[in-house]
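Down below are the structures I want you to see.
Below, chain A partners chain B and then partners chain C, in two separate complexes.
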Partner chain A sequence: MHGASLSRWTMSYFAAACLFLILGQGMMAAGYGYPTVSTAAPETLALVHVVAIGWLSLLMAGALLQFVPVLISRQLVGGRFAPVVLALLVGGLLLLVSGFVALSGTANLPLGLLPLGGVVLLSGFALLAGVLAATLLAARPLGLPARFVALGVTALVATALLGTAFSLGLSGAVESPLLDTLVGEGIGLHAAFGLGGWLSLTAIGVSYRLFPMFLLAPETEKATSRAVWWSGAFALGLVAACLPLLLLAVAGADILLSLAALLTLALVLLYGHDAIGFYRARKRKQAELNIRASLAALAILAAATLLFLLPPVRAAAGENAAALVYLFVFGWLTGLGLSQLYKIVAFMTWLESYGPVLGRAPVPRVQDLVAERRAFVLFCLYYAAVGAATLSLFGGSAGLFRACVCVQLAATVALVNEFVRARRLSYVPAALRAPAGAVHPRLFLPTFAPRR
Partner chain B sequence: MSDIREEIAPKEVDVRPILRSGGEPFQLIMEAVNGLAPGQSLKLLATFRPQPLFRVMASRGFDHEAREIGGGDWEVLFTPQAGAAGRVEVSAAAENPEAWPDPSEHLDLTDLDPPEPMVRILSAADALAPGQVLFALLTREPIFLFPELEKRGHQWVGNFDSTGTAYRILVRAGRPREI
Partner chain C sequence: MDEAEKEALREAVREALRVVIDPEIGRNVVDLGLIYDVTVEDGGIVYVTMTTTTKGCPATGYLKEAVQTCVWYVPGVEYAEVRLTYEPPWSPDMMAETIEM
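On to the complex of A and B.
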């Protein structure tokens, strides 16, 4: 069928993602992982995967199940696998994190949990990639946003394959010198594929459709936008080319990675140019909060990329440029994620509740499901806390860092509470809330009752 | 959407076994058409020259080329028409949109913020008598409207104009349904 309908399980993905975001920040506030221990410590790895898989990847997966059909105007192929993917990802992540805890020695757990988690996660991501690939293949030729998603999904598969190999090597389940080299040298590539390729390129691609949609700006495919795609594709290719060099201990990976970093900077600047272009060409006078909050995330992306390319700053950012990675993950990816969730949850809830009665009874507007002024304060608080936490990592103060993360956590919990209020239609004027025939949505599970 | 047309092999559908066993292959053919990639052709194998199908396929923007392949069987190649305007999208149940009556209502919704155009079209479509048609002009493709129209039993046909900045949609009201 042409068009897109509501993705039944997306809200469950979002709910799980929000819980993992709260858990991850709670771990940091409690002093678990870096900077209390090193970035390579099992505790830090547990924390990083709670955030990268539990929060960011579940968020992205849920969003793609809803928005890939919007990008290509066609229904999802294999959408029935959505709950299976969710169960595999959540189950695999819990196993993986237990494996890291076992590795850290804080609890007496079998080390075999680590590779088991890796394999379950790989199967979940492979199934997700299969659903998205089948959907995209059926819709060729693809528009630019969908081509970004294809690139991101390719990077996801690379990330998951590398991660599974690490879990086999780290746990000692498979012993091979090649695997040892991979574990020693390949973590940076795993992170580049995951945070850069999968999460960032996909987010950028979807935003090429969502920004003009929310701003009512003309949606034309520009040469600069295509250049962003090609920069991303080349950068990913360079990162992939590093893999054999590192494994065979051949020199040259540094040069390739520097080139990839420069391409990334070009990509970010071009993307910024396009985003500002959409903003200037908008027909909606006042951009809604989700866009304003997303622009802040975009500014942070540009800042983090620029700072990463300055050697003295990178050196001051701590082990493995931890402070800049923090800024990238919580300022850019999480900031963008929370901003877009703010709109997406309200819109999906509106369509689910009032879709059946649209045109038959007066219904509230989408804006009536949210209270932007309140959320504006929360977004300001969130970004301020992220900035302060980043500075405290630069300053090397673990105590101050934990205090900042506490504020960040509080802002996040309050924002999640705003999403819950949107789901519950709490802000909708009572007179409009429940016209006859409207559906009262469940908080995060799909409604199974068939519509007449 | 880029205008690069990739050369995709035609999808082949052989309905001869169904016809020989006395079955009705129309549903199968329409499913195959719905599953075509943009620009992809459909190759149909049948036991007779499927004249009535040509009209249905023409309404969906396909040219046809039929030839006898021996044994009384026919092979028909349906090729999507290349047009300046965007590809015409049609709801699953829409038959012969060119035979629809002239629209009894015209809506210009280009100045409205989404999802207001969707609300207006649904409201107007529900107010039409069965068989009546409305025309609406929008600035973007109303992706979430299509399934909702079909759930309510309405048919639609729509496409972008040649500039790609205006989306035109015709909606024909179906039988009224219970809310």
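On to the complex of A and C.
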């Protein structure tokens, strides 16, 4: 068995993720959460988790269920648990968000929903981590992209454990001075493990395979690429080392976090160097839209990291550097996510529809399932709106921020519509759309039998 | 079969395989350099050795089946077998020089 199978549930993960992205941006456009209230307010926490778990983590989980087997050329171990993980993550998130709403006092809901959501989410993420870890362990020694995924999955477990502890502490389900200290001091570590370790390192790792694949560039494991992995591993280790220092009120956590930030900067610069290297070595003269849009996300990652290391800029970015976190989440992570979705949805749809008739009838190319010119305008609009929203947060203008998010939301909805059109084969020339034997895929539910 | 007939069948097989495209790149598997070898033996027995651009690609099974189907339909082929290999791994340098990306 050389090839990986199509992941049956990945499209369902993507569909749920897109809905949560629209919901999250809709909440911001409606003035829910920061900057209307503080970053620590329950409303903001509800919003943050809709985006971080509902959008980004479901997107990443769905993508990994498809691409980890590609990275290691082996079948997924425990792939049958994919729908269970999806149900646990969606259910857990809805409970968690309801718990935050209860905490905010805006609705008469039981506060017990918060820890219940935390525990359900922990079980979902643990099952996902188990599936991915078992798959990776069976494929040792691992190549570099897979080693990044292993690092990301480790960070995911740390994030989920901390998050569950927070839900127990915030709801008062468990009372302990140590838990109070963790809730007071550990939010930054939770965010660093989640946004930096789980989401960013995993995305970087997968891109080390996808960039050369889509650009037709030689895929070689370079010293700089290994340095990116080691920088990420050390940075995560430093963040982990802060935990006991904070809990025991021992000085030194600030120094460790500063070192982790410097390592992150080195990581970003080296990663940028490698990505540009792939771009320059490409055989494909005209890079496709997903790559061009991903490079914009990468530039935003570099900008956000650099700006975060400048104390005056960080101070001007609002409470907990909110403007820079916004830029990181919507410019880098969401920008990259939407860019890659644009390609992956078309690619998976092609396989599902035309794979069975390849060689038996004329079939379209993957590129024929999308309309790049139209989507190019949408990506430009999306990134421009993210930039403007970030600036409005720097300027402290809540009204302007909401207006910018409305534009961002409109661009997102239009991009999601492009994914739907790709699924429905809307752009495929009529003569090639439905050769005998081709499968017309369902929008987001699996219809196909597992491949051998 | 004499050598000339074998060579003619080999060419016919390679020509037939030009209808099989790599979905991602949109070019046929022959010009992409994905067909490493076509061996013809007496009695119209054909062995094709092929690869894919990326090891572990989900399209692998479909590509292999497509090549197998195509070869079976070439007049003169009595038996066809397709073998997948990643030694050597494919690289963009293996594409035909005529391919304009």
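Criterion: the second predicted complex is superposed on the first by the 445 of 452 C-alpha atoms of A that agree within 3 Å, B and C clash if a C-alpha of one lies under 4 Å from a C-alpha of the other, contacts with A are read in each partner's own complex, and residues count from 1 in each chain.
Definition applied: contacts are C-beta pairs under 8 Å (C-beta built on N, C-alpha and C of every residue); 3 or more make two chains touch, one makes a residue touch a chain.
Quantities reported herein were computed from a predicted structural model and do not represent experimental measurements.
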Query = Here chain A is shared; do chain B and chain C fit on it together or clash?
reply = clash
Ask   = Thinking of the overlay built on chain A, is A:363 touched by chain B (first), by chain C (second), by both, or by neither?
value = both
Inquiry  = Touch test for A:140: chain B only (first), chain C only (second), both, or neither?
reply    = first
Key: Partner chain(s) touched by A:355 [first = chain B, second = chain C, both, neither]   = both
Task = Look at A:5 in the shared chain and tell me whether it touches chain B only, chain C only, both, or neither; answer first, second, both or neither.
result = both
Ask   = Which holds for A:216: it touches chain B only (first), chain C only (second), both, or neither?
value = both
Task = Once the structures are superposed on A, label A:299 by its partner contacts, choosing first (chain B), second (chain C), both or neither.
result = neither
Message = If we overlay the two complexes on their shared chain A, which of chain B and chain C does A:285 touch? Say first, second, both or neither.
response = second
Message = Once chain A of both complexes is superposed, is A:437 in touch with chain B (first), chain C (second), both, or neither?
response = first
Query = Does chain B (first) or chain C (second) touch A:70, or do both, or does neither?
reply = both
Remark   = chain A positions within both the chain B interface and the chain C interface are 2-5, 69-70, 73, 213, 216, 218, 284, 347, 350-351, 355-356, 358-360, 363, 366, 451-452
Query = Mind pulling up the chain A residues that touch chain C in the complex?
reply = 2-6, 66, 69-74, 209, 213-214, 216-218, 283-286, 347-348, 350-351, 354-356, 358-360, 362-363, 365-367, 451-452
Remark   = The residues of chain C that touch chain A in their complex are 19-21, 23-26, 52-63, 65-70, 84, 86, 91-93, 95, 101
Ask   = If you look only at chain B, which of its residues touch chain A in the complex?
value = 1-2, 4-6, 8, 34-35, 37-39, 89-92, 113-115, 118-126, 139-148, 150-151, 164-165, 177-179
Inquiry  = Show me the residue ranges of chain A that touch chain B in the complex, using the header's touch definition.
reply    = 1-5, 69-70, 73, 138-144, 213, 216, 218-221, 284, 347, 350-351, 355-360, 363, 366, 436-437, 451-452
